[in-house]
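Per-chain numbering from 1; labels A, B, C and D assigned in written order.
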Amino acid sequence: MTEFEPKIIAFVCNWCTYAGADLTGTSRIKYAQNVKIIRFPCTGRIDFMLLLKSFGEGADGIIVSGCHPNDCHYTSGNFHARRRWIMFRGLLDLLGIDVRRIQYSWVSAAEGAKWADIVNSTVNTIRELGPYTEYEKVAGYLEKEANQ
Amino acid sequence: MSKIGVFICHCGENISSTVDVVRVAEAAGELEGVAFSTDYKYMCSDPGQTMIKQAIKEKGLTGVVVGSCSPRMHEPTFRKACKEAGLNPFMCEMANLREHCSWVHDKSEATTQKAIDLVRTLVEKVKLNKPLFSIKVPVTKTALVIGGGIAGIQASLDIASAGHQVILVEKDPSIGGHMSQLSETFPTLDCSQCILTPRMVEVAQHPNIKLLTYAELEKLEGSIGSFKATIRKKAKSIDENLCNGCGTCTTKCPTKKIPSEFNTGLGMRTAIYVPFPQAVPNKPVIDKENCSYYQKGKCKVCEKVCPTGAIRFDQEDELVEIEVGAVVIATGFDIMQPSGFPEYGYGKYKDVITGLQFERLASASGPTLGEIRRPSDGKIPEKIVFVACAGSRDPAKGIPYCSKICCMYTAKHAMLYQHKVHHGKSYIFYMDIRAAGKNYEEFVRRAIVEDEVNYIRGRVSKIYEENGKLIVKGVDTLLSAKPVEIEADMVVLASAAVANPGAEELAQKMHVSYDSYSFFSEAHPKLKPVETNTAGIFLAGACQAPKDIPETVAQASGAASKVIILFSKDELSRDPLIAVVNRSPAPVFSTCVGCFLCASACPYQAIGEELITNRQGKVIKKVAKVNPGLCQGCGTCVAFCRSKSIDIQGYSNEQMCAEVVALLNND
Amino acid sequence: MKIGLYPGCSLTGSSREYNESLLAIAKEAGIELCQINDWNCCGATAAHNLNKELSLSLPARNLALAELEGMNELVVPCAACFNRLVMTQHELSEKNDLRKLISDKLQLPLKNEIKIYNVLQFLEKHIVPRLGQLVKNPMAFDVACYYGCLLVRPQNVMKSERFEDPMTMDVIMQKLGANAIDWPFKTECCGAGFSVSKIEIVGELSGKIVRNAVDHGAKAIVVACPMCHSNLDMRRPAIDKYLNMKMDIPVIYITQAIALAMGLTPHQAGIQRHFVPVNLPVNLPVNR
Amino acid sequence: MIELINKAKALLESNAVQVVIGYGKGTSNRTRAIFVTQSDDCDKLIFDSRCVQNLAVYLTKSEIKKLGKPAIVAPIPVLRSILELAVENQLTENDIVVLGITPESEIVDFDTFANIEAFLATHKIVIEEKYHEIIRLIKAMPVAERFAYWVKELEPCFKCYACRAACPLCYCTRCTVDDNQPQWISVPSHPLGNLEWHIMRAMHLAGRCTDCEACFNACPMGIPIHLLTKSMLQDVNDNFGSYGPSLEKQNTLSSYKPDDKESFIR
């Protein structure tokens, strides 16, 4: 059987991590295809509901990444984001949603290599964890109903 | 029904070598709502762009997705192309198939599949794009410059010479700032006042500059292009129009023993005074705290002797409101009083002074007319010790950062001393010599080699008096860490440069951020060094961090040019990717419930109130309103709004959701 | 009121008089100082250069024992002991897992919450407030308060405003009626590190201190550290040799000064134990 | 409670307020919220240990607003909600008259919100040990088991939104769950829809919830949804220090500290 290829969605800010990922490209550093990026103006813009949606839509893992503290293009968007993540992560953990499936990181526009590393290590983590069947079961509830 | 055009770029072979671009174009063509899809070798090239324009016209496209390089590279290019073809530029999106795909993956099915996914994602987004139009903000072409030191002077002159009005506000009775206190300037040793005073006069005489001395900013409202500033003009107790600056009052004033701020306490001044001979404006003010009339109710000598009857004891502070389009903060720095370092004995021993005090001693206009004489007994010091980093780079007791100017001015001080006292001996205790700058290192070399200044690499542990001498105990770390003791006649402390006492308060008045040392923060440490995070407010000089004169002047001109660029248009046109609060039909009007937590989250104070009234003008609802002039489009408020009542154009909730769904459903 | 006391080696040996006078004035002030039962070395010697864990365990054990005895305040008169104990407490409070580790090794519980005072802090908190009525015999003369290095350091723990020019001892001496002179050698090095190995260096360093005190008109040097005392007192021959003149200025512990001011006999204050005879320009009660 | 009744009477007679929101007798042995507009009806007001509903919820309801300026009977949980509503600009001091009731059931008037905050400073929110215990137990489960546990707990939920209706802080004119552009939360009350709804609800209360348990009390299926908010309350405390409404302190999620600590961001 073929190896499990995790679906991983990345929410990144335009000014640091998106640019950093661009640098990964211009430096021709290779990484796994599993991760696909969605571009946001700022980590402060990233709504926790979107992370939830991602799992609901079948994501096995999520990367959320933006500017290092004090580097935010908008001075404090990432600080607000960080607080939101701290609270959100705590809640998900209580609910048994596997927080190991969400990788948060700071990747600056200069850290092309770090981005590749984040992607690859996340892909490996999710590979080990396997497909997010628990959540898929919950999300696929309706379809199953229909099929029966 | 949207008609999307998809254009896949080969980028020569950059993309096509690992991504099957033809298949990507085909796959895109099958997507719902895609009316046209193709691939081409160089989309950004002229024929490539023409291809897009034609498709827009012929197929009547409602949106465009270009699958090529990073949008950070060519988004402007393709949006311009769309605009030229009559499509709203914001209906164009880019899928990053090069930096995020072809360059980071090997040629494989998965790579092509990823490219398809990325394109599909952007197609779904662009379907929900709405035509956007850049925001217009009217510009009041008057600049407010706060602080009349060299930074404020330079900025004012530049802006004024470009033909714009400038209002220069200075808290002291005269402009000139610290530079006017300096003796001679490194690395050229030209006299500070000789190069400064002409510019001061220029300011006073410039038709476009309105000078408000002895005044401070009280309040700042509004936003880029149209600020409203309230200035407090402190009562000078004289009628400036009548006063001809003859100076009789200052000579006749009986209260003569007030330590002169300008001479850093080394000289005295009267209660009604002009800070220094070349002051601009050269008209006196009365220092109420020390004037015997204001304190004891009698005297009025100045009034009696004034030939023009210009004295006004009953004068009161005046608040003036002005409309300005931009603000330049040039409030400069302050010198840390070394009293926190008892081991140096500053304040205890008269002959331990600060660098700024030494400037006054060395200045031809100073209390000793430029002769280096020690404060205690006026003797010429035979041996003088300079202590660099007196407070700087000292996390324990001083400030952790480097004050930057001390290495140079200490070298200068030693040099000046050697030039004035040929047989004298000078020693400099230092940590490192930081002489990075044009002709700076050479200058320090000169001090060491030609003027035989003794540099000792080490710190001073204690200074104390012993039979008329100042014993300086320190260590020479280069001589195998030997303790050294020098019997000096005078000690000069290069005390740290710190932010002005009022800096934080001022920053809060203007909603610009400041760092942990109360220096004003630039918008970006590298790419926006003169902007603040508040649009329309700029920084010049040492109020942002310690700076020497050349840097300060350069930054001031930089800030000025930013203002001039701003003033070059009658209207501001800004990217419309900003937040908006939704509107819905009555009786809801807007789903915003006015909790205003978004306002507290906004980094730019861009969110204000809007009162929704009925026909009778009765307020029915208070909702949030985004000031398009201030909003920078970070979207923090959007993610924060519980009722999803605030959304950001170009990155709307619908668009982002659509992207998530599209990206994850590739089957 | 019961307060713990950690004497350390000096106070049971070379500086017995420090211990005696401390206990004497505490008694006068109605304060009971209880020695920690089975206390051990503070590790001030070389331990903290050789073995990190040991250097923490030694002081930690004393702290743990004090806790077991239910003490919540602990006086550590010797500046070196104080430095070790307070540093250990600081480090262990910063690193919780390290605290657990040490506590396990010691097989003793360690909350690490006990308040550690050096002698000056103790005097300020418990003795000075009671001084008023107790001062019967004012020390009305010029004294040089000498702090040395350890008493006011390390800065990051002591958080003292003016560790280069401390005032606490001066203030206490003023309260005893003395005039604490303003002199620059308060915190200069006495050479303690060479006390045994290189006496001539001690002679030079301490010599400068003694001379400066005398030059500033001091009639006595007041100290609060056994090493300072032994160097300025016991090493006086080396000092005289360096200055090549005879210095007869006495060196007394602040606790002795207080004892004498309280009207206790010189013997109760233990001044007979000094090498340099203690002649003060005030009348002291004759020994019983 | 005669004092309360007299105060209410006086307020209505002097027309200082037009309605008094308080507790009255309900069916069987229960109490319910009553809205007294006539001073003669003030005798219906009661207050005793059974009065646990959080009346603050009515302050933002348009139907009640229509009645005019309210006075409200406010035991501690209500006071907390009032203060949070004030923080969130939903109330000004002239909007209401607060008839505070201390745990010793003494009546205190609060003419300013600052006074309420001062009073609450001495009556801080305390999460009962039993809840700490439960939360500890849940967190101790293996992650998959924990997930299964909650899916099961939430299964009975049929999205009646009583929890929302009972919460004084769920005063939005349009709740995100009712927003279908985009469809944030899957509509039906199947496991996913329920999960998403309750996560969103908890997140929207993060740093705002005053732990009044109205949501739990209102849930017809007795789902322990208050565990979520309690746990977050604790998280707020552990990560950012001190929870509970405050006029000075900014809302937890709309403010930040540059040195906020976390251990999971790479």
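By definition in this document, a contact is a pair of C-beta atoms (placed from the backbone, for glycine too) under 8 Å apart; a residue touches a chain by one contact, two chains touch by 3 or more.
Since we're looking at a predicted model, the values are computed, not measured.
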Query = If you tally the C-beta contacts, which comes out ahead, B-C or A-B?
reply = A-B
Remark   = Outermost chain relative to subunit A, judged by CA means, is C
Inquiry  = Using mean CA coordinates as chain centres, what's the gap between subunit A and subunit C in Å?
reply    = 60
Ask   = Distance from the CA centroid of subunit B to that of subunit C, rounded to the nearest Å?
value = 52
Ask   = Once you find the CA centre of subunit A and the CA centre of subunit B, what distance in Å lies between them?
value = 36
Remark   = Expected list for subunit B, residues touching two or more other chains, is 601, 640, 653, 657
Ask   = Can you list the subunit A residues in contact with two or more other chains?
value = 48, 53, 76, 80, 84
Query = If you go through all the chains, which pairs of them touch?
reply = A-B, A-D, B-C, B-D
Residues of subunit D touching subunit B in the complex = 88-90, 171-176, 179, 181-184, 204, 250-251, 253-255
Key: Residues of subunit D that touch subunit A when the two form their complex   = 135, 138-139, 141, 143-151, 176, 184-186, 188, 190-192, 195-196, 199-200, 202-203, 206-207, 227-228, 231-232, 235-236, 239-240, 252-258, 260, 262, 264-266
Remark   = Residue positions on subunit C within touch of subunit B in the complex are 155-156, 162, 164-165, 183-185, 188, 212, 215
Ask   = Residues of subunit A touching subunit D in their complex?
value = 48-49, 52-53, 56, 69-70, 76, 79-80, 82-99, 103-106, 118, 134-135, 138-139, 141-142, 145
Note = Seen from subunit B, its contact residues with subunit D in the complex are 588, 591, 593-598, 600-601, 622, 640, 642-645, 653-654, 657-658
